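These are the structures, in structure tokens.
Look for chain A in each of the two complexes below; its partner is chain B in the first and chain C in the second.
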Partner chain A sequence: MEYQTTIGIEVHCELKTNTKMFSSAKNGYGTTANSYVNIIDLGYPGALPIINKGAIELALRAALVLNCEINKKMHFDRKNYFYPDLPKGYQITQARTPIGIHGYVEIDTPNGKKKIGIHDIHIEEDTAKSIHTAESSLLDFNRAGVPLIEIVTEPDMNTKEEAMAYVEKLRELLLYANISDCKIEEGSMRCDVNVSISKTEKLGTRAEIKNIGSISNIGLAIQKEVERQQEIYENGGTIQEETRRFDEKKGKTVLMRVKETGNDYRYFPEPDIPYVVLTEEEIESVKRMIPILPNVRRDFYKAHGMSDINSDKLIQNRPLSDYLLKAKENLDYVIASNLLLGDISAYLNKEHKEIEETMLTIEKFESLVDKLASKEITSKIEKEILVDLLEKPMSVEEALKEHHLTLVNDTKVLEEIVTNIIKQNQESVQDYKNGKDRALKYLMGQIMKETKGTANPVLVNELLIHLLNEE
Partner chain B sequence: MEKLSKEEVLHVARLARISISDENTLEKYQYQLKELLDNIDKIKEVKGYDEELMFSPVDHQASLQEDVPGEMLSFQEVKKNTPHMKGNFVEVPVMINE
Partner chain C sequence: MSNYLDLSIQEINNLLKKKEITPVDLVEECFRRIESNEDLNAFITLNKEQALEEAKALADVEVDNLLFGLPIAVKDNIVTKDLRTTCASKMLENFVPIYDATVVEKIKAKHMIIVGKANMDEFAMGSTSQTSYFGSPRNPWNKNCIAGGSSGGSAAIVAARLTPFALGSDTGGSIRQPASYCGLVGMKPTYGRVSRYGLVAFASSLDQIGPMTRNVYENALLLNAISGHDDKDLTSSYNQVEDYTRLIGKEIKGMKIAVPNYFMSDIVDSEIQDKVREVIECLKQNGATVDYIDIDYVENAVTLYQIIAMGEASSNLARFDGVRFGYSAPDAQNVEELYLKTRETGFGDEVKRRIMVGSYLLSGENAVTYYNKALSIRDDMRKSFRKAFQTYDLIIGPTTTTVAYSLGQDLDDPMKSFMDDVLVIPVNMAGLPGMNIPIGMNQDHMPIGLHIIGNQFEEAKMYQLASFLEKELNLDLDRKERS
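Let's turn to the complex of A and B:
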């Protein structure tokens, strides 16, 4: 029998608040070390924590986005450990009444959708950031007290692909709901992965791999850890419950320390903070703040015929996806997405602009897409007027007029042009009659050249075939 | 008189980063800590102790603070309580248990 891999993931995310979890010091990175601190963050004797309302709202939003049941009456607990990055000697966290429980995140797997259970999501404070040198460790307390949520899954993942898909999905959700920056490389999102393998129903002893620095490394770390555990079992050994880290250079996981047991943290209720009570109204008002989430957008795009590639690209480009949300339902979303991701993105990238900074109102955009969809204009014409539409307050009709680009829909005018082209290209006419399809394309091209792309291609096609058959 | 085992006392001492080298002191702590724990057990006999946490004799909820920046400490103030600084960083002995 093959080994079955079991994976659970703990993710820490910094919340995008203005101030810290239990103090009104600023929550901000990249500033001078130890400048965003006050007496609470440094654990001065007698300093008392006060809960940040904004952090509770963001954590609640996260719990709702992850489909959790909400603990309406919750308290905080002290997790005691003695370490320089934690001057109080304990971290305030939630052990017994996490804000959210029993949630899930849905991921896509080769076998269809799979729900990854969320065991709980709880609120806690971050510790100081430490930099280790050979002689000493250096601490920056700007990070001490920054609000965090920790999201703990059930051991529901069985492959590294599922683990990566979960983190990817989680990141997308937290980003879209404006809960966290989720920058793994910069540490505002940190992932710990628990891995075990077993040949029986009973789960094997797990090892925890701490603080993996990127989503691709999550996959790599799991793969290496599974290989390590298999080798130990195959050689008759046993796995110790331990904490490891992924060494990118060595390309393997290495031992950090033999894990302390939960009891050593001597959790007990934080006596300085009374119960926090969330009312039904508060929960409802936070629910209303949640923007339309990626999976809903994806389903809408799919239902309107958009390709998976375009759909993913749009989801990754939040401003464009938000812009498209404003469009009418009966738009041609295939053309709309091609236009947004193609010519419009090229312009925005070149000019370093966001779509909302341009003059292309959603109404103008709809009109442009409609005209392309009904073949009233060609994409060549669209390209000629697009910059004007983006930079000037003119309508599509006005832009067409200004560029003298009204599409030729007049059958009489077109018939004359087509007849002329046929006369001038008798060789191609012969080829066409001999069954060479390419000849038709060539003739079409000649007509478009003659009309500078302004001829209605559907009409031209009909006319051309009709006149060729009369020849 | 009952007492804790030496290992239990040393374990608690390790968590608090206290070293106990003197045998007599260690034995004193074995008795004292046991007495302390027994007293805590007495508190647990109070009726309803485990039913709900009681933070305060008066029933009140936590009041929350708006997410608006307030007063912070100046760097001079931070330095006052910090024996060692390196630039703007607080310097401590190498943290090994990482």
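Let's turn to the complex of A and C:
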């Protein structure tokens, strides 16, 4: 029998708040060390925690996004241990009443969709940052008290691909719901992975790999850890519960410390913070603030014929995806996505603008897409008027007029032009009659050239074929 | 030599208003008194220069309230900006806070003048003030006796009339018991009535700051000044602040009073029981009804208290690690050693004992066996008190089982100091307001106190009864002549 791998993941995410979890000090990244600090963050004698309502709201949003049951009456607990980066000698966390429980995240696997269970999501405060130099250890308290959520999965993953897909999906969700920056490199998202292998139903002893620095390294670390554990079992050894880290240079996991049995954090309810009660109304209002999530968008795009590539690109480009959310349902989403990701993106990148900063209202955009879809205008015309549409408060019709680009739909006028072109290009007519398709395209091009692209291409095409057949 | 500080607060206020005296006169007189009573060892830090400066600065400020310009002593576990705050511990021997506690801001807003920081038990852990790193304060009624604790310095200061006002803190009787031993009025308000922001935490779910004064009226006035919701303390109450003097002087006819049987059992000295019975008779004669009742679990209160208070204390005191502030062992080779040496030498024996017991009580399964169980019995005790207050306006009994005893007595018995607080601790456990008023002397002329317990946020009613008894008993409690 093969070894079965079991993986559980704990993710810590810094919440995108203005201030810290239990103090009014600023929550920010990359400033001078110890500048975003007050007496609460330093655990000063006499200082007491306050509660950041914004952080509770973001955590609630996360719990809802991860399909959790909400603890409507929750309290905080103290986790007691000594470490220089822990100013009070305890961390305020939620041990007994996490804000969310029994949730799930759905991932795609080769065998279809799979639900990864979320055991719980709880709120806690970050520690200070230790910086070790040759002579001394330094402490930066900017990070002390930054609001965190910890998301703990059930041991529901069995391959490194599933683990990576889970973290990828989680990251996408938290980013989309504006909960966290999720920057793994900057530490605003930190992943600890628990790995065990077993040949029986009973789970093997797990090793925890702490703080893996990227999603690809999560895959690599799991692979190397599984290999390590297999080798130990194959050689008749036993695995002990331990904490490891992934050494990128060595390309393997290395031991940090063996876990002591019954790590004693002396949890007890935080007496400085009364129960936090979430009402049904509060939960509802937070629910309403959750943006439409990527999987919903993806399904919609797919149903409207958009390619997977365009769909992914749009999901990654949040402002464009949000913009498109406002469009009517019966739009040609293929043309719309091509337009957004092509000419419009090119313009926005060049001008360093966001779509919402331009004059292209969603109504104008819809009208442009409709005209392209009905072949009322060509993409050449679209390109000519696009900058005006983006920069000026004019409608598509106004822009076409301004550029003298109103389509010629008058059959009589067109017939004359087509007849002339046929006369002038007898060689191509002969080619067409000899079955050369290229000739038709050439003739179309000549007509468009003559009309500076203003001829209705649908009408021209019909007329041309009709007249050629009469020749 | 003037003795303005012996006058009533209204008289002083009139003199200030008429500009016959200035706050400087009051502060100078206060320091004369303090300096001639140094043997009481009631202060840890004096604030003379700053106090005089503040008094001078008040010369042109309108006298806008009764507390204006009056000297006050602040227990040394309440942080004061730029004024050393030691918690009577070597750990904070040189600790100068960078902010004011909310209560300190409030008394400063009334233009009261902080003359110094009062001695106490180290980190408020004790009931005799003998665990102070700076030596024990003495009882002005008999300097060989304890002033009680943990707010022993505050009690001695007011009893000796060094200042008319002091702030204390009460986790398990630390305002009321020394107030009883020293013969003054001490109030532990309802939990949440006064902000704890800036009070160095001992047991967060029990700690409460309160006023210690010469008389009932002045006590209520100071409570008016320090009460109210504080955004900086999530456990502070939104319950509206009322004028706590409003029922003072009102008759007590029809008042329903209960006396828990346990409070009058043989754990209490007979002399004290007798005094309380006299009071009960007096109340009855004046139209109050007095019934003896039972409150569930009061006899377990000390045990519950030890579990909850020590558990919380072990966590609250973890921040004193030598890393960011306070004492830091100078010769540590690594972090582990820094922790061990700092805490070994920085804390006194009683504090270390409580941290160790508290840590044990919260360890692993013990948290469930002890801490959680204590919380649930505490709830039951609360309910029992609540039930009593459905029938009764107030509960009374003695504040202490004995009068103040000799310094040094029973120092090697760690349980003794808890048993001193057996009657006051249940009030903290129930989050109720409790106060001490003096009701007489024993045969050795040491003060005896009455404990008045009210329902939540009914401090005004307690002051009503207290002021009635104060007037009725008309005790001469001025210790100035003797000292």
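The definition used in the following text is that the second predicted complex is superposed on the first by the 467 of 471 C-alpha atoms of A that agree within 3 Å, B and C clash if a C-alpha of one lies under 4 Å from a C-alpha of the other, contacts with A are read in each partner's own complex, and residues count from 1 in each chain.
Assume contacts are C-beta pairs under 8 Å (C-beta built on N, C-alpha and C of every residue); 3 or more make two chains touch, one makes a residue touch a chain.
Just so you know, these numbers come straight off a predicted model, no measurement behind them.
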Partner chain(s) touched by A:G54 [first = chain B, second = chain C, both, neither]: first
Dominant toucher of chain A (residue count), chain B or chain C: B
Which of chain B and chain C A:H75 touches, first, second, both or neither: first
Which of chain B and chain C A:I131 touches, first, second, both or neither: first
Partner chain(s) touched by A:G43 [first = chain B, second = chain C, both, neither]: second
Touching partner for A:Y90 - first (chain B), second (chain C), both, neither: second
First (chain B), second (chain C), both or neither touched by A:D264: both
Partner chain(s) touched by A:P274 [first = chain B, second = chain C, both, neither]: both
Chain B/chain C common contact set on chain A: 39, 42, 44, 50-51, 80, 82, 84, 137, 139, 264, 266, 269, 271, 273-274
Chain C to chain A touching residues, read off their complex: 78-79, 85, 87, 92, 95, 97-99, 101, 196-201, 203-205, 231-235, 311-312, 314-315, 317-321, 323-326, 335, 339, 359, 362-364, 367, 371, 375
Chain A-facing residues of chain B, complex: 15-17, 53, 55-56, 60-73, 75, 78, 81, 84, 86-95, 97-98
Residues of chain A that touch chain B when the two form their complex: 17-19, 23-26, 32-39, 42, 44, 50-56, 75, 80-85, 128, 130-141, 256-257, 264, 266, 269, 271, 273-277
Contact footprint of chain C on chain A as seen in their complex: 39, 42-51, 78, 80, 82, 84, 87-90, 137, 139, 262, 264, 266-269, 271-274
